[in-house]
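Several structures are given next for inspection.
Shared between the two complexes below is subunit A, which pairs with subunit B and subunit C, respectively.
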Partner chain A sequence: MLSDLSGWAITAVAVLGVLSVAAGVAVFVVDSMARATFALLASFLAVAGVLLALDLVYLAVVTALMMTIEMAIMAVFMIMFMMNPAGLMPMTMVHNAKGSAAVGAGVFVLLAVGIWTIDWPTTNPVRPDDSTRQLGEAIMGSHMLVMLVIGIGLFTTILAGTVLATSRGRYDRLGPGLDAEHPDDPVPGGLRR
Partner chain B sequence: MTAELVLQIVLTVAAGLIGVGLFGALSQQTIVMVMMGLELVLNGVLLAGGAAWYFLAPELPDAQMLVVVALVVMAVEMAMGFAVTVAFYRARQLDMIDMASDLRG
Partner chain C sequence: MPEQTLAEAWGLVPAVLGIVAVGLVLGVVVTAVDRVVVFGAPGAAVEPIRSSARLLVEQRRTTLAPDRLLWRTGCVAVPTLALLSLAVVPVAGRTLWSTSADLVWFNAMEALLWAAVWLVGWGPNAVHALTGGYRFLAQGLAYELPLMFALITAGLGAGSLRTTDVVAAQESLWFVVTMPVAFVVFVASAAAFAFWGPFAAPAAADIAGGITSELSGVDRLLVEAGRAVFLGASAAMAAALFLGGDSGPWLPGPLWHLLKTLAVVAALVWVGRRMPVLRPDRTVEVGWMVLVPLTLLQALVVAVLVLNGFYA
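Right after this comes the complex of A and B.
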């Protein structure tokens, strides 16, 4: 069956697909951490463009917006933690590069063999009028359990992030057994003082 | 161009992203670069999920839900990864995973 994508859409998918992989490779090739972050952003935006060409307007916009903000935050962390944020000198910080390359290439070949040998059932798909409405109705109806689990997962992440970000927890205040007579606080006051 | 051929091309691109991301996640030494590798793998999952919805089952919302779940996994991975990085750095002033190899399970 012929694809119902227009010629322009197929061209866009092909160009953006190549761009996404090229930007993905650039992440691990460039010398600067800031450049690596923006290469990753380019890869995400290319994938968002492909999703847009595939009629997934809402998911494409969410991907583009979320990843732009995420990479902006990531760039800040990169510059905070990395020894070579500006790319002023050559930099490779890798271990077991050959083994990793073999695993990456092996997984790609395995997936590609599967992709090109399977007889895909692409005949006569029935398209919804609006993919966003379809997703919204699924979230609020048949697939609500997925959203419930996602909500709990995100809430757990907030709690865990706060716990990890706290510089002094209750074990620092009250000892490993939580049985100190007085909490070890830098500033007096508070509970059990 | 047949729909099957376009689907196979898009899925091959997704497989390429997954392969590159896996290489990065396994080979990089700094924690933030490992996270970038994992994000690339999830980027491939996004692309494959979108292609599966459009070409295989657009009448069902399941592939779209998969993309939503992958996006959430990305956000959670990012938040927890940075929280762990900050906690590591605060405790030991380290930013390389090799320096924390004593935490191996």
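Right after this comes the complex of A and C.
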């Protein structure tokens, strides 16, 4: 399998892999919310670079795109819901150190065992001309159900998280009978509703 | 099959240098047009060159306990990402590099720009800059999704995410005819990503310049240049995706693309400078309640046209 790749690509994968792990470690070493966020982003961008080196352009670019937006939205959530909204005070990303160490080690062992025990295909399958088209056809075809379930699951999680975190509900907005003409919002929207 | 890229045609280093030069020229052109429209005097066109030279020699001022690493990273990232987004914009009929996901690449550079501008606001550890950074994030939530749908609509019409394919698909009819909403949303979002014109609230006067309030010297030059280059790159991309790129009679193709780009820049500046600055808290609801359904409807219309073989 590796023989397909040029020496340049293998080097890039190795260097970017180390970079992504190092940036991942940095998330738990730095003492500021912003630095932790952007260390995590750097880690994801290194992963995107690995995908790019493997010639999976769409996956690489979409990883960079989604992870960047995710980090930016995390910054928005930070100011919405955290006690230290600006993230200006020193903090740490390490919580429940013993429990998370156990979970981390367990997942690492699981993945490592999986990687070394799975019977990877040895015959070289024909590489598609256009991996983007192949991916699109898989997502819109045979794997559509999986994508739909994951998509709805993610969406529900986001909604549930917001609903749990916010202190205001529809009765605060529209009154006890839900019959107010205009919702009473702390920040008015742009449509004057 | 993918055509030859600029890097293959000219060699990697000359192609990269060429794209950087094109980006800088576009940036200067955008700023010059902007100054002329704002000051109303043609002589103001040289002002950007003069102020760039002044910023280059200006001593850098700093704040108390800044996050220097992230601040500098953000300042350098803004122009870098603007130039990287130009890598998939056709110049002389070819893009610097061509992949099967060019449009997503362009969008990813915009998203990274989003994060970089927040860093510029975060870095100096100053209240106005931080407020500006968060305004930019909030504003981005409003137009990120409509922008994605606008980009995807162009890709949908061409049946490809490759920029050169999108240009080639417009030989008989420019996409702006069937995708007017996507075109307007794309150009407006470009202005918003450069926090310029009506979307300048993150750098507005009511928060003493916001993101740009603590920038000085080379840092300010980098951020301002990045904004201008990004606006220029987006105008060139809009010309390629919706106005037929280099198609046109009599004149050579690249000249047509340049003329269309300049027309988009002129229209953008002329309209943008005549509108008041929008409040970010008023843009999100408009973005989600009006623009998202509109762009989705636009994509639906194009999808139906594609199924009917309209673009074939």
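Operating definition for what follows: the second predicted complex is superposed on the first by the 109 of 193 C-alpha atoms of A that agree within 3 Å, B and C clash if a C-alpha of one lies under 4 Å from a C-alpha of the other, contacts with A are read in each partner's own complex, and residues count from 1 in each chain.
Here is the rule we go by: contacts are C-beta pairs under 8 Å (C-beta built on N, C-alpha and C of every residue); 3 or more make two chains touch, one makes a residue touch a chain.
Just so it is clear, the structure is predicted and the values come from calculations on it, not from any experiment.
When both complexes are overlaid on chain A, the residue A:95 reaches subunit B alone and has no touch with subunit C.
In the superposition on chain A, contact of A:61 is made with subunit C only, not with subunit B. Comparing subunit B with subunit C, more residues of subunit A are touched by B. Of the two partner chains, subunit B is the only one that A:20 touches; subunit C does not reach it. In the superposition on chain A, contact of A:40 is made with subunit B only, not with subunit C.
Contacts of A:161 after superposition on the shared chain: subunit B is touched, whereas subunit C is not.
Looking at the shared chain after the overlay, A:74 reaches subunit B, while subunit C stays out of its contact range. Contact with both subunit B and subunit C is seen for A:131 once the two complexes are overlaid on the shared chain. With the contact threshold set out at the top, residues 62, 73, 131 of subunit A are in contact with subunit B in one structure and with subunit C in the other. In the complex of the two chains, the subunit A residues touching subunit C come out as 32, 34-35, 38, 41, 57-58, 61-62, 64-65, 68-69, 71-73, 75-76, 79, 86, 88, 130-133, 187-191, 193.
Across the complex, subunit B meets subunit A through its residues 1-13, 15-24, 26-33, 36-37, 39-40, 43, 46-47, 50-51, 53-59, 61-62, 64-65, 67-69, 71-72, 74-76, 78-80, 82-87, 89-90, 95-96, 98.
Of all residues in subunit A, only 1-5, 10, 13-14, 17-18, 20-21, 24-25, 27-28, 33, 36-37, 40, 43-44, 47, 50-51, 54-56, 59, 62-63, 66, 70, 73-74, 77-78, 81-83, 93-97, 99-101, 103-105, 107-108, 111-112, 115-116, 120-122, 125-128, 131, 134-135, 137-139, 142-143, 146, 150, 153-154, 157-158, 160-161, 164-165, 167 touch subunit B in the complex they form.
Interface of subunit C with subunit A (complex): residues 67, 69-70, 73, 99-101, 104-105, 107-108, 111-112, 114-115, 118-119, 122, 125, 130, 134, 137-138, 140-141, 144, 161, 279, 281-286, 289-290.
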